[in-house]
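Heads up, there are several structures right after this.
Both of the next two complexes hold subunit A, though its partner changes from subunit B to subunit C.
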Partner chain A sequence: MRILRVVGTSVLSAIPTLILATLIVFLLQRLIPGDPAVAIAGDYATPENLARIREDLGLDGSLVTQYLTWISGALTGDLGTSYQTGESISALIMQRLPLTLILMVFALIVAIAIGLPLGVMSAQKVDTSFDRFLTTSATFGIAIPNFWLGMMLIIVFALNLGWFPGPGGASLSEDPVEALRGLVLPAIALGLVGGAEICRQVRSAMVESLSTDYVRTHRAKGLPTVSIVWKHALKNSSLPFATILGIQVSRLIGSAVVVEAVFGLSGIGSLAVEATNQRDYGVIQAVVFVAAMIILLTNLIVDVSYRLLDPRIS
Partner chain B sequence: MSVIASRVQGTTARRRAGRFSVWASYAILGVVAIVVVFAGVLSPSSPTAQNLDDILLPMSGAHPLGTDDLGRDVLSRMLHGTRVSVLAAMLAVAIAVVIGLPIGIAAGWGNRWLDAGIMRVVDAVMSFPAIVLAIGITATMGPNITNAMIAVGVVLAPAIIRLARAQTMTIRSETYIEAARSFGASGLRRMVLPHVLPNIIQPILVQVAVLMGFALIAEASLSFLQLGVQPPNASWGAVLARSYTFLDQAPMQIFIPGLAIAATVFAFNIIGDEIQRLLDPKRK
Partner chain C sequence: MMRRSRWGAFVAATLLATLTACGGGGGSSDQDKDLKVAAAADASSLDPIRGNAGTDHVLLYPIYDTLVSFDSGLEAEPGLAESWEQVSPTELSLTLREGVAFHDGEPLDAEAVKYNLDRAMGEGSNIQADLAAVREVRVDDEQTVTLLLDHPDASLLLVLADRAGMMVSPKAAEEAGGDLSTHPVGAGGWSFVEWRRGDSLKVERFDDYWDTDVDRVAGITFNIIPDPKTRVTSLRSGQQDVSMEIAPSDADSLESASGVSLDQSPRVNLHQVYLNRASEELGDPQVRRALSLAVDREVVLKSGYFDRGSVAHGALPDGYWAAPPESVVYEHDPQEAERLLAEAGISGLSFDMIVNADSQTTRVAEILKEQWAEIGVTVNIIPREIVQATNDYFNDRKAPALLSQWTGRPDPAMTYRLMFSAEGYFNTSDEAVPGIDEALAQADQSVEPSERKPGFDAAAEAVYADTPFFPLAFQDSLIGLRDDVRGFESNLLGKPKFLGVSFG
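Let's turn to the complex of A and B:
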């Protein structure tokens, strides 16, 4: 029962943010300079075409009516039709989203595999030259644009060594194995930079955990360091770790857009880029909407795990 | 040598190593500042002058960084690009501060409802991945560097709002503010500008340094996606985007713009840490 109540409270408290976020996505369309119908259909559109687009967009109704029409569609999975291809935008998103999600999971695994152990080790040897070296390297890692790192990986591992496919990999539905192989380099490009961030954040969370009284008690009663660090202190850092992962998901979606463009992967990032080049505003709006929904969902999961892990938050 | 002496020496060595990255960062930012001011004087040729007889030349005396696929001098493009990238990042951060500072102070200073309202909007903006929202705004407003940086400024503003709000809340019950209030100080000119702003500005400066790094990467990303600086103009992102198209013929050319971005962002982050350290009252 407790879990239901916890989920319920979290969902309820997320609703105002959800409404405001959808309002922001809706208002994006208002930023189109001049007449949106002309911007969408191009300068040489026929009057009938313009009238149809105006009707589709509901430009004749009031702003509130327009928002309600759009949001009721969006929340039931109807994101409108693409003005360039005439396809349903929801279908386009569903076609592209799996690749982006898989890429993000891969990248998150790489980031955790690098950042967590290094962060813990750094915290254990706090203020030594090893710690300083790691922290400085992590600061440099954070500064590297991950799409540039992707290009460097392409040069070394695709063009020179030929271990992994270069840009423009196979499609996920036709050749899944080759497509997954094509995700290794972009996942490393995303994950290395993410790992550097995780390393720094885990370090500061663990430095705090390791300086607490109960850790000192464990040490005093002779518990082996490995067990103190990896079992007790790390468990006590699980709350900040949940936050760190939440932030990483948000960062990863943003970076994935650019990294997808570098590797020619057909995820929702490159969908946004294509839509931008074709001035397909509905698709751009939908990608922004979906990205925000993924983050809101992640925040919700982090919030629920917080409430479940820490009895002090009710 | 006693154990204590060797320990003290170890600490000094570590401090020196830490100092090194700080000095290196000052040096990097100094060079960047000089290039921003003197890009025109330092460039051997125009950043947009094409010479189709000399395409994709390797590094040489005449072209220290080689030429691109249109025969343009890469060094000149990098130098001019530095000015464009850094000024663009400064514009974005300035927009974030201009939006964020007054709203943050208002949220921290004003009544509970105003604060709750502002923080809800901030939460909503922060539920978007910054780059994706910036792409959405830029793509809709029309792809050019000014629009791109307005968009980046808008997505960075919540970071300043949150910080300014938290700082304002900390100082609003301090004795000196109470004292000023008891003398009848209120409003923007008598309270906020002389008493609130100077006391919250230091952490904001740290944040500005960190945001400069973020804005530089955002500029590079948006220009790489052709949403920022438009051809034939140069910026770090634009040079990177162009050299990516002939990656297999001249792989070395993507190295320089990326390194310039990474080094500058690193320097801003280190300087941010350094300002924070200097401002820490617990510092010995």
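Let's turn to the complex of A and C:
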């Protein structure tokens, strides 16, 4: 019951944030210079075509009316239709979202698989040359732009060694196994930076945990180090770990835009880029709406996990 | 235990999500494999009269055959119409092939052609302007249709090799409420299978295609990959058989790579500076001429376009049947440029130039800035994202110059008219280049290239005399191919059709 109440409160408090996010995006995209009619008319622009398109789009209505129409549709699951193609935006999002979600899950697995053990090991050997080496590497890891890392991974592992498929390969619906293999390199490109960040955070949390009184007591009682580190100290460091995972999810959504372009993937990141280039306001709005939903959902999960991990938090 | 069960649940959920998302897949056989083509941009629409981008054609040609076709040099060839006759300058009669069917089995006859042309001239069509001269389409008999014109328009023949000539099934169009954007039905060599917007377009070989002699692969999958470097790595890693629009900066690396080759061929894609002749800064033809003389086009080609193209001496490339005559040469003569500026009483000229904000265009802008600085002219470069650049220059007319591209049109008259006639959308001065209308009228009297050439020569000379733009370079079409792709042929339009391609 307590958890249900927590979830309920968090959901309620997320709604104003969501509405505010969509409102900001709605207003910001109106500031993108360039007439959407010009983007839609493309090479066939004539004064008549432009006038017709502007009329069709109904862009002359007041901003308040446009926003209210949109938000009332969005709250009932209708994200409108694309200016460019007349297709349902909800269908478009559903088509592109799974790939990005799978990529994010892969990237998180990579980030955790790298960051968690290294962070723990580093904390155990604090202030040794091993620790300094890891901390320095993590700093470099955070500084590496993921599009550059992506290009390097393609050159080494797809072009030269041929271990993984190159960019622009099979899609999930036609050859799932090959498509998933194709997600390994982008997941590494996305996840490595997150791994470095997790490594640093876990290290500092663990350094703190390992210097507490109860750990000293455990040691005095002769508990094996493995048990002290992985069972007791790590559990007490799990709050910052949960926090950093939540932050990583927001970062991954942002980075997906670049990494999807480098690897020729059609997820919602590349959809956002296409829509911006075409001034397809409805689609941009929907992508941001979905991204905001994912981030709010992640925050909700992090909130709930705090309470599960530490019953003292009310 | 708690931890283990939570992690177990996490891993299980991940696998489950992965497997669910993967459901419903199927492999493809290597024996009769699809041609995989990396395209730079998705189709804006799969309905030929509703699309807006020059890049659409490559994705449309496999689905739609055109009434008239063209050879690699852009001269008209029989298409769905096996012959034509210009009864008079205002009457063009087309004789259709017999026994041609659309993908839905409907016959492609004169009624279907009339339906299509009326549709292209009607509501919701983006290409009404292409057929502006047509007053009426008359069905003479089952295989013959005649276009009756208000005034002579010889470009009509090649207009029918473009969007307006792409025939859609009237029955399918009616069933789709007039919009075939997502369910195209044509009479091309391949029929539509699936379109995942922004991701891929799949077509499969149409068994009842009229041309039984030509090689056709079992299917074509166009994968949309906007990033040029990714198109190259995708081709090199074997994910694609063909990669469109290779950037000049990537051409060298592709040529030296194994298993792939580069198809380089000229095309009508012109890189140029658009000028507003009604602007205060560039209103004087003598000033425009001086600025043009200050440009060393050889340097622009080598440094700006990595020498992958040819210097432009007009709106159309050398080697094209309608190319400017030899008398038209855009020389490089900075001394003469300075003399002309002094004669016009101009000193310290400064003007704004909007520039598409991609790395190549920006590089070219810097070269021009340097060259104009040598004759004491200052240009302020205003980089803008492409839609904004187009909007700011052609609609809002915020600057007197725009460095951008002209993607070309199948008929030379369309290029001249759109850029230099008074009503041309791409002519921001709203004033015709002196002599252009007369020259184009001369070229409209016949549909025979040899009879139209003198008109186009006069048009090129009229343009040269007034310098309404600075043509810079024609960038070659650069297409990457895997070594087992046979029979690929480019054309001057830079929009290949995939008829005749096979694996070998």
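The rule is short, and it goes like this: the second predicted complex is superposed on the first by the 277 of 314 C-alpha atoms of A that agree within 3 Å, B and C clash if a C-alpha of one lies under 4 Å from a C-alpha of the other, contacts with A are read in each partner's own complex, and residues count from 1 in each chain.
Just so it is clear, a residue touches a chain if its C-beta (ideal position, glycine included) is under 8 Å from a C-beta of that chain, and two chains touch if they have at least 3 such contacts.
Note that the structure is a prediction, hence the values are computed from the model and not measured.
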item	value
Which of subunit B and subunit C A:Gln95 touches, first, second, both or neither	second
Touching partner for A:His218 - first (subunit B), second (subunit C), both, neither	neither
Which superposed partner A:Arg307 touches (first subunit B, second subunit C, both, neither)	neither
Subunit B versus subunit C as contact partner of A:His232, first or second or both or neither	neither
First (subunit B), second (subunit C), both or neither touched by A:Arg203	neither
Which of subunit B and subunit C A:Asn277 touches, first, second, both or neither	both
Subunit B versus subunit C as contact partner of A:Leu31, first or second or both or neither	first
Subunit B versus subunit C as contact partner of A:Thr136, first or second or both or neither	first
Residues of subunit A contacting subunit B in one complex and subunit C in the other	33, 151, 154-155, 159, 261-262, 273, 277, 279
Touch list for subunit A against partner subunit C, complex	33-35, 38-50, 84-87, 92, 95-96, 98, 101-102, 105, 109, 151, 154-155, 158-159, 162, 165-169, 171-177, 179-180, 235, 261-264, 266, 270-271, 273-274, 277-279
Of all residues in subunit C, those that touch subunit A in their complex	3, 14, 17-19, 21-28, 38, 42, 44-45, 51-54, 126-129, 179, 181-182, 196-200, 223-227, 229-231, 233-234, 236-240, 384-388, 390-392, 394-395, 407, 425
Subunit B residues within the subunit A interface of the complex	10, 13-14, 17-18, 21, 120-121, 123-125, 127-133, 135-137, 139-143, 213, 217, 220-221, 224-227, 240, 244, 247-248, 251, 254-255, 257-258, 261-266, 269-270, 273
Residue numbers on subunit A that touch subunit B, as the complex places them	16-17, 20-21, 23-25, 28-29, 31-33, 127-129, 132, 136, 139-140, 142-145, 147-149, 151-152, 154-155, 159, 250-251, 253-255, 257-258, 261-262, 272-273, 275-277, 279, 281, 284-285, 287-288, 291-292, 295-296, 299
